[in-house]
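Got a structure for you, questions after.
Letters A, B, C, D, E and F mark the chains as written, and numbering starts fresh at 1 in each.
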Amino acid sequence: MTRILLFNPNTSSDVTDLLVRVAGPSLSPTSELLPVTAPRGVPYIATRAEAAIASGIVLDVLAEREGSFDVAIVAAFGDPGLGGARELMSVPVIGLAEAAMLSACMLGQRFSIVSFARALGPWFRECVVMHGLLNRLASIRLLDAKFASLASVQDEKEELLVQLALSAVEEDGADVIILAGAPLAGLAARVRERIPVPVVESVVAAVKQAELLAALNPKMASAGTFRRPDPKSSHGLSPALERLLMARPAEARS
Amino acid sequence: MTRILLFNPNTSSDVTDLLVRVAGPSLSPTSELLPVTAPRGVPYIATRAEAAIASGIVLDVLAEREGSFDVAIVAAFGDPGLGGARELMSVPVIGLAEAAMLSACMLGQRFSIVSFARALGPWFRECVVMHGLLNRLASIRLLDAKFASLASVQDEKEELLVQLALSAVEEDGADVIILAGAPLAGLAARVRERIPVPVVESVVAAVKQAELLAALNPKMASAGTFRRPDPKSSHGLSPALERLLMARPAEARS
Amino acid sequence: MTRILLFNPNTSSDVTDLLVRVAGPSLSPTSELLPVTAPRGVPYIATRAEAAIASGIVLDVLAEREGSFDVAIVAAFGDPGLGGARELMSVPVIGLAEAAMLSACMLGQRFSIVSFARALGPWFRECVVMHGLLNRLASIRLLDAKFASLASVQDEKEELLVQLALSAVEEDGADVIILAGAPLAGLAARVRERIPVPVVESVVAAVKQAELLAALNPKMASAGTFRRPDPKSSHGLSPALERLLMARPAEARS
Amino acid sequence: MTRILLFNPNTSSDVTDLLVRVAGPSLSPTSELLPVTAPRGVPYIATRAEAAIASGIVLDVLAEREGSFDVAIVAAFGDPGLGGARELMSVPVIGLAEAAMLSACMLGQRFSIVSFARALGPWFRECVVMHGLLNRLASIRLLDAKFASLASVQDEKEELLVQLALSAVEEDGADVIILAGAPLAGLAARVRERIPVPVVESVVAAVKQAELLAALNPKMASAGTFRRPDPKSSHGLSPALERLLMARPAEARS
Amino acid sequence: MTRILLFNPNTSSDVTDLLVRVAGPSLSPTSELLPVTAPRGVPYIATRAEAAIASGIVLDVLAEREGSFDVAIVAAFGDPGLGGARELMSVPVIGLAEAAMLSACMLGQRFSIVSFARALGPWFRECVVMHGLLNRLASIRLLDAKFASLASVQDEKEELLVQLALSAVEEDGADVIILAGAPLAGLAARVRERIPVPVVESVVAAVKQAELLAALNPKMASAGTFRRPDPKSSHGLSPALERLLMARPAEARS
Amino acid sequence: MTRILLFNPNTSSDVTDLLVRVAGPSLSPTSELLPVTAPRGVPYIATRAEAAIASGIVLDVLAEREGSFDVAIVAAFGDPGLGGARELMSVPVIGLAEAAMLSACMLGQRFSIVSFARALGPWFRECVVMHGLLNRLASIRLLDAKFASLASVQDEKEELLVQLALSAVEEDGADVIILAGAPLAGLAARVRERIPVPVVESVVAAVKQAELLAALNPKMASAGTFRRPDPKSSHGLSPALERLLMARPAEARS
């Protein structure tokens, strides 16, 4: 059985539930999802500052649960803390944005990212750059309007989001659309017939990429830029994280 | 059941058999592999000219078998004919190199491609460029020596290939190693303990990415750069390909 | 006398005739043109799939005629099969797009490509990328309308093509205009007074670049990425191509 | 009087003292330094994970001291938390690496970064990428050896660091050397006569760039990617940070 | 006392006076400005040809005054002759554009350059490329209208320049605005409240960067691409420049 | 008859004679060469400063001779003053480096530049960047040794230059070699049999590209970044250049 930790670094547990519901049907019979919601932070991460806050929390939570999962998904589009987590953990870690974008690359030349809040733009763009995929990006298109609640934003704005996707195809040259952000999970299936190019459901992509990584069964790096760091003392951090920073070489998976 | 066409555009059927053997254990219970070997061409594609020849053959074979599979893998590292096939077919098509490289991106920042013949270098590099992944490539390292047979090259050169991988890690900054080329299928598992970074088994990556694409169930593009081309008459081509070029809009999957 | 093979990889012989008519006056007295039309394929290549089909045909035709020419032009904008041909042949081979774009580089900083069918866009763009000239490209502007016939498209759409060129100058920052595609041969001279920047006539550029290459008289590469490949057996290909793949090192020009 | 917060995100207060000592003589008479050492974290940040941890701490400390300074320096080469801090704070914030690299750009075409621990490489490189300065980077050269203590590493390794700098000039084409990392503060003055190109003292560069920003007196952005975020509720964070996330628009400097 | 040569390579002395007036208040008490206006050339440099003419004049003037200053500013946005001057002089030399752009980099991700004459566009863009900062450029926006006089252009066009800045922010994604060109000195302070992102005053940036370089006190390069050239004879040039070309190694600052 | 101005911006007239001798045999019967040597400047341009000086001289000489030629070659590898000359003149102007590099692009993927003096490196590299061809450059390899005289450097260093070319092929991946610098004219023919890839003779490339431009007969741009500048007064420049700056729109070729 492959245990997939699905960690939502936002504090909104209804979004976590939504992710589980949408990903479920695609899960292989030999996989199981372990959903976890951020114990602190903001309801949904939207800016560089909030992503910086979240990245420490990602490390805390993964450190605390180490050993209980075989692969982890950082389930916020923008992938906060991904690099650090990949460096520290002895099992593969992937990001929601990373999984969606790499999957989109197999369906066309350039993809557009469509989401529900203008504030997300800079953070999303830096995420694309971090993954070295700027030359595969057609555009980022974002709604610039208030919404009633995070839980219902995909219903409330469905038509406007489809319009953004159509503009991305017609004006920006998108071959593929990514409806980005955990709160939009499940929307792809509902709107696919209205969009003339493939639409990627991020959380399905993430779960299947997690299964792929489990199948590849990669060893933990002891060289390269993701090699296990040397043990380091620290203070004032969470006990699990202090322990992981201090002890990791000894406990590394062979 | 997801029917995955595994098309080897080389004419060496023992390589096709090897690919099936290596990919089998990773296959989901709900997938099946349909292996096909190129009916004409060269035993193994190594140069731009041979790739150009193969790309027409890929289109011929996929056109001929259209309808009998749900997703296709072009199983030669270098991905001959991939763009054209993705444009023409109503189901997803992926390349062996593409699948391996995108999977490697989730295991580190930069990957190196290691293979067994110097002649492969220019073609492999153009493949990396075609996929827009040059900024994720650490190096291409190739043996420069004769080998007895394609079927046994991975045994004969195992030690030298490991040495190349180690050089890629130590001198080129590779975080991940891809042992490239269908004739090296299965080698990753045998050498992984001797290489200090993750090693990607290309055909496993390809099969799992094929399953991912099936799970995403993308519609065929009617816009963007991979939109269905208009019907076009031709002459002197294979009957299946002439038919596909002529009729494709009418028969496109909705 | 420099024998210049002018191979039109489209099957439309009237386009071949047009190319010869337009290029003629620029030909040096010591050059002669050998026009050849594709014996099979499509009337005009417009998509990745059609370019893939054409690239094998380019190799077939050049292999068959080897020895009868001193330099070859692949006379379809998009340059199908160019890399493979350059690798295999013992004399220089250039592409229509390549010749036009490199010539445009001497007339300004960035050029725009203007042509008559929207379907050409993705293929043209990949051609620009293949030549490493994306940073010299201002835009690709294409008509999006039916035309009566390939032979008369330049007359029928003359005014619209001029409008596209003007938009490229005013909105995209083009310093030079390339009217692209063999069916537009001859149009540059007719519209040049209506366009405020230099306009490149592709086939004139190709013929003069062919003469330049003949003057440089380059030896065939025995090193680098275009070195002569080792002989390789094949089956099911055209006899001339099988012979060339098998015998090329022995027969290479010193 | 310009109040410059010099925040050392490492927990080593002797490094903070060193930075103050080295920067002092360059300080304008109308500036004063407010040194602060990280209250929690690691003695010196060296990896992606440690930088992720530090970036949250940077936000905590700046939030807590908001109003008491006119410009802030994040004084760890690698600039943890810089983007988020720039977004949240109403005064300019700069990074030690940023200041050193931009200053180096005025002294030559490409700079090399030289430092004392191999572990720093990936983080430093991502910092260069984040600032869009990869095309100005000649190389990163790092010692690969243990050192006795952080406080004395610059004395202990002085000769080896000079050798690295010389290699960067001779083999990598560096026009300028940056001795990177807060623990190396002050070394530039001691070794400058042994290095044939300009050497940048990072903390002097940072203090002078801070004075420049104060002289420019920029208003806080209410548009663009660094516009003030909308107020957002959070929980489980430090009180100062929760307050800043919630209240910032109201309190923003006009 | 730091002697800062402020050389205006335009022949308009009223622009020189303006630069001095605007820069004055930011000058440290330990710095003094030595303003010089070009003795020949054009009233304001706007094209590649005029910049080529100016670059020789920059070398003439700096050669003539060598020894009388500690750092030099080439005070025309576009930085004519900067590379050659940096190579030849024994003290630091910076450009007005360089100083403004590097300062803007600390205030946001991408900056826009706004100026008063369309003719300046190509030269400004090549300047951005020369400094390797194209990935930090959001746009160049230029007025396309006649103006009464260079001296009053900033008053006459104030409102239109603010409109361009607003368009750069809203449509091009600028985080920072640079009002470019010496004739616009002083405008930033007047319009800053009407522009929602930071506005860089170029000459203030230049003067403060000059002070920073003086504080770094870099030695002259004897290696790297800015190493002192070997002595070279010449004829027909200005006596000061001939002397400097011939004698420079002997007189170089240690 | 096409009149080709061959302007050597170095003051060494024996180099001019050499260029004429080498280019002669490739000249079309309908072309004639008008050789001119720089009346002032340095014997051979090698640094940024010397190139800046030369660029003004190029404009002076071309202005003075305007009307007497149909196309001009700036015959120093590095192309001093090319952009300005292209902007000002009513006929095409090309550079020696530009012509050689664009021609090399038709003979392989990447070229190396080989020359006789280390001082040339930075200038040559900036020339490659200026032409946007960095991605086609394999390397620049330069001798680092004194030579007896400019006139005989190609004989004296022939063997060492061949060694550099071989290193460029074997270690840097060059597909084509450019023996750069006017003093090496004629060397390509002598060493071609010892180098396993095509070798470009720069001045032959330049003369044939000049004939190509004459065949294209481009109109002078009245739009784009090379549009004719508006008339501008100046003082202290050469009479011919002052006249050209002032009068050009009126006299522009239609």
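By definition in this document, contacts are C-beta pairs under 8 Å (C-beta built on N, C-alpha and C of every residue); 3 or more make two chains touch, one makes a residue touch a chain.
Everything numeric in this text was worked out from a predicted model, so none of it was measured.
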{"item": "Per Cα centroids, the chain farthest from chain C", "value": "D"}
{"item": "Identity of the chain that, by mean CA position, is farthest from chain B", "value": "E"}
{"item": "Centre distance in Å when chain A and chain F are each reduced to the mean of their C-alpha atoms", "value": "53"}
{"item": "Euclidean distance of C-alpha centroids - chain C vs chain E, Å", "value": "45"}
{"item": "Chain C, residues touching no fewer than two other chains", "value": "86, 109, 122, 225-226"}
{"item": "Chain-level touch network, classified as line, ring, star, complete or other", "value": "ring"}
{"item": "Cyclic ordering of chains (reference chain A, direction chain B)", "value": "A, B, C, F, E, D"}
{"item": "Residue ranges of chain F touching chain E (in the complex, touch as defined)", "value": "11, 39-43, 46-53, 55-59, 81, 83-88, 119, 121-122, 125-126, 129-130, 225-226, 229-230, 232-237, 241, 245"}
{"item": "For the chain D and chain E complex, residues of the former touching the latter", "value": "26, 28-29, 86, 92, 94, 98-99, 102-103, 105-110, 131-133, 135-136, 169-170, 173-176, 192-193, 196-201, 204-205, 208-209, 211-213, 215-216, 218-219, 221-227"}
